[in-house]
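Pasting a structure here, questions to come.
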């Protein structure tokens, strides 16, 4: 990574302080998507934004160990697979793909659909957050041929 | 690769844009009034005899999915396959960027 | 004429945006400017869809508490909003792949001006 | 095969590819040697499933799969009728052979990137199947974008020039997508629906309105841009020339064809009730654009010196044949178009695979430098090339002749003599540019040391076998064309009316 970490104390402290707040708010946006504007994509993008903020302010050496690019790529695959698995679970109970009304989360069909929506929103959020982080990391990757130049 | 000189390229682009924009403006001028709640896209039943999806979602989202936010229900239940496609697009973009840019590593890959 | 603009000012603005984006894509020689034009075009089309969902005096498509039965005239059409969430994500990812290609082009040629790149070919 | 599994066949085919790509990335980042067998396994099982599905659709009629359990205009549906089932088989089978061919050549051309390459390739095939199967216009857009994104990335690696070509392709592709979405917005404003069947029922009531007509024009221009129909083909030659071998062999036979299929589906199944079969003025424009593409593409192909570029221009011409068939809007036109989608997929895949073999073992595919030594070193590859080239020209025992024959019948039936002339002229032009290669390879004596690099003999089996299968397939498809037309293609026309 070519971009050097900011040495400015104010930037570092503010980023460290703001990032968790963004993440909490992202979770709120994600899980409150049933009742207010929000949902998987919005929440996922905000989580990605908080991670990218940390990467910009603290540099890769400090933040890569938390979520490495390889982990982020796999997280994106996992999020998409969660969506696929919830949809495919309906096959097991005789429904069509993505028919959450057939999956016995609860007795009431409308509640089952509500739970199904929540589950796939979580998958979407995971996929979005991880994919955007991975894209950011890859875009900043130095053009080296095989040699490692980690951090600043 | 074809290389168009500037004095041909710019007028050609402007001509294309002019055609598109004029066609669009004509189409818009023939639209019903902007914001009409009874425009064809918002009516109850189409001339074909089927219910119009947008109104169906408005009426039934709360009852059928126990969720007041109709956009969420539309996105994640009625048209969830679109959203699945969209998640695939996000994942696909991630793998595409990885294919284009990620550094080649020795056989034992390690990212830290 | 004035009536047309007064009634359809939102559509006219969107058409202007579409023109601007299209010109950026076709008329400009810098690849990043092409990309910016592309984003403007995509945003304009997303706005165009959202205008199609608009109803006079309607509110956001979230059921108000304690109001039953549901009157569709009170809520804007939720379908275009759901579709445009998808379109926004597609636009973002397309930009991501485009930037990745631009990074590769810059590594290969050292410039993003199309004229200079074509001279090197 | 369990019957309830076949009830879900259309969605399972799409999910196999997309899920396969996800699992490959989730698990396969370390084991890059497993990437290609995994991709082949996924594609192979999807091919089997699509074959059983096709048999079932022909027996029991079309299946409309309602996703999420929501009936048609509310939810999204997949349409699994003879047309889409047939094309899914074509897509799966062609990509299976191309992926088998990629076993050796992908690690050699783009070392270290096998896992993302095959994951993106799987998503490309899944997206192609989605385009073919979906019955919803916005869902079609989503799948078109999946296919486009994967194509940009696959064509963006390879040579130094490929990112630039891929970026140009991306700009054109995004313009096409934007046009499509804009047209869809105008249609949606006047009809309120996105389902193809529902729209076909509503369109007769609104067929004369200006917004609908402008919207249809935007949609068709967008799809034609994706399909590279004549005046909108500018992105295609560069993108195909600079891609790596397997990517080109995957995208060239299938990519533009599915966009053409979308036009076909749109013209025959959505517009037909409102505007008549062939959608009169639109169809005629498409047919003449196709004829222009045939002549222009063939002329441009004649003047190329790089084999890959020549094949790319001949793709422009072949897209023209299919557009011509669609534009005729008649029974023969439809049969010719669908048959040509199948035949051209096999011919182009075969030719691009041979190009890959040449590039690997001779080191180049520059036409003036090909000579008799190529024939001596790689007799089987060149034999496959000959069969495919003869089929491209359209000589009788091979498949290419019969689709051209149906197209010619269609033009005669419609009384469109200029189109027939374009077909005949293009046959001559195809003959010129392929016989030029035959002459160099089979008749001219070898110039010693001219090719600059020591040739490496015939291609390895994993590359040779798929190439030969395509060549044999072209002969079988040619000889068995009556069976194909009566069994698979006649029911398609029956479904239109």
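For this structure, a couple of remarks:
Going by the order they are written in, the chains are A, B, C and D; count residues from 1 in each one.
The working rule: contacts are C-beta pairs under 8 Å (C-beta built on N, C-alpha and C of every residue); 3 or more make two chains touch, one makes a residue touch a chain.
Owing to the predicted nature of the structure, the values given are computational and were not obtained by experimental measurement.
Looking at which of A-D and B-C shares more C-beta pairs in contact, the answer is the pair B-C.
With centres defined as mean CA coordinates, chain D is found 35 Å away from chain A.
Between chain B and chain C the centroid-to-centroid distance comes to 9 Å (mean Cα coordinates, whole Å). If you average the CA atoms of chain A and of chain C, the two centres end up 24 Å from each other. Residue positions of chain C touching 2 or more other chains, listed in rising order: 18, 22, 52, 62, 79-80, 83, 85-86, 89-90, 93-94, 96-97, 100-101, 103-104, 121.
Of all residues in chain D, those that touch two or more other chains are 18, 22, 25, 29, 67-68, 138, 142, 145, 149, 152-153, 156, 163-164, 182, 188-189, 194.
Among all residues of chain A, those that touch two or more other chains are 35-37, 39, 41, 70, 73, 76-77, 80, 84, 97-98, 100, 128, 132, 135, 138-139, 143.
Chain contacts in this assembly form a complete graph, since each chain touches every other chain.
Those residues of chain D lying in contact with chain A across their complex are 8, 11, 15, 18-19, 22-23, 25-26, 29, 65-69. Taken together, the chain D residues at the contact with chain B in this complex read 18, 21-22, 25, 29-30, 32, 67-68, 70, 72-76, 111-113, 116-117, 119-120, 123, 126, 130, 136, 138-139, 142-143, 145-146, 149-150, 152-154, 156-157, 163-165, 168, 182, 186, 188-195, 198, 201-202, 205-206, 209-211, 214-215, 217-218, 234, 238. Within the complex formed with chain C, the chain D residues making contact are 138, 141-142, 145, 148-149, 152-153, 156, 160-161, 163-164, 166-167, 170-171, 174-175, 177-178, 181-182, 185, 188-189, 194. Within the complex formed with chain C, the residues of chain B that make contact are 1, 3, 9-10, 12-14, 16-17, 20-21, 24-25, 28-29, 31, 33-37, 39, 41-42, 44, 53-55, 57-59, 61-62, 68-71, 73-75, 79, 82-83, 85-86, 89-90, 92-93, 96-97, 100-101. Residues 63-69, 71-73, 75-77, 80-81, 83-84, 86-88, 90-91, 93-95, 97-98, 100-106, 109, 111-112 of chain B are the ones that touch chain A when the two sit in their complex.
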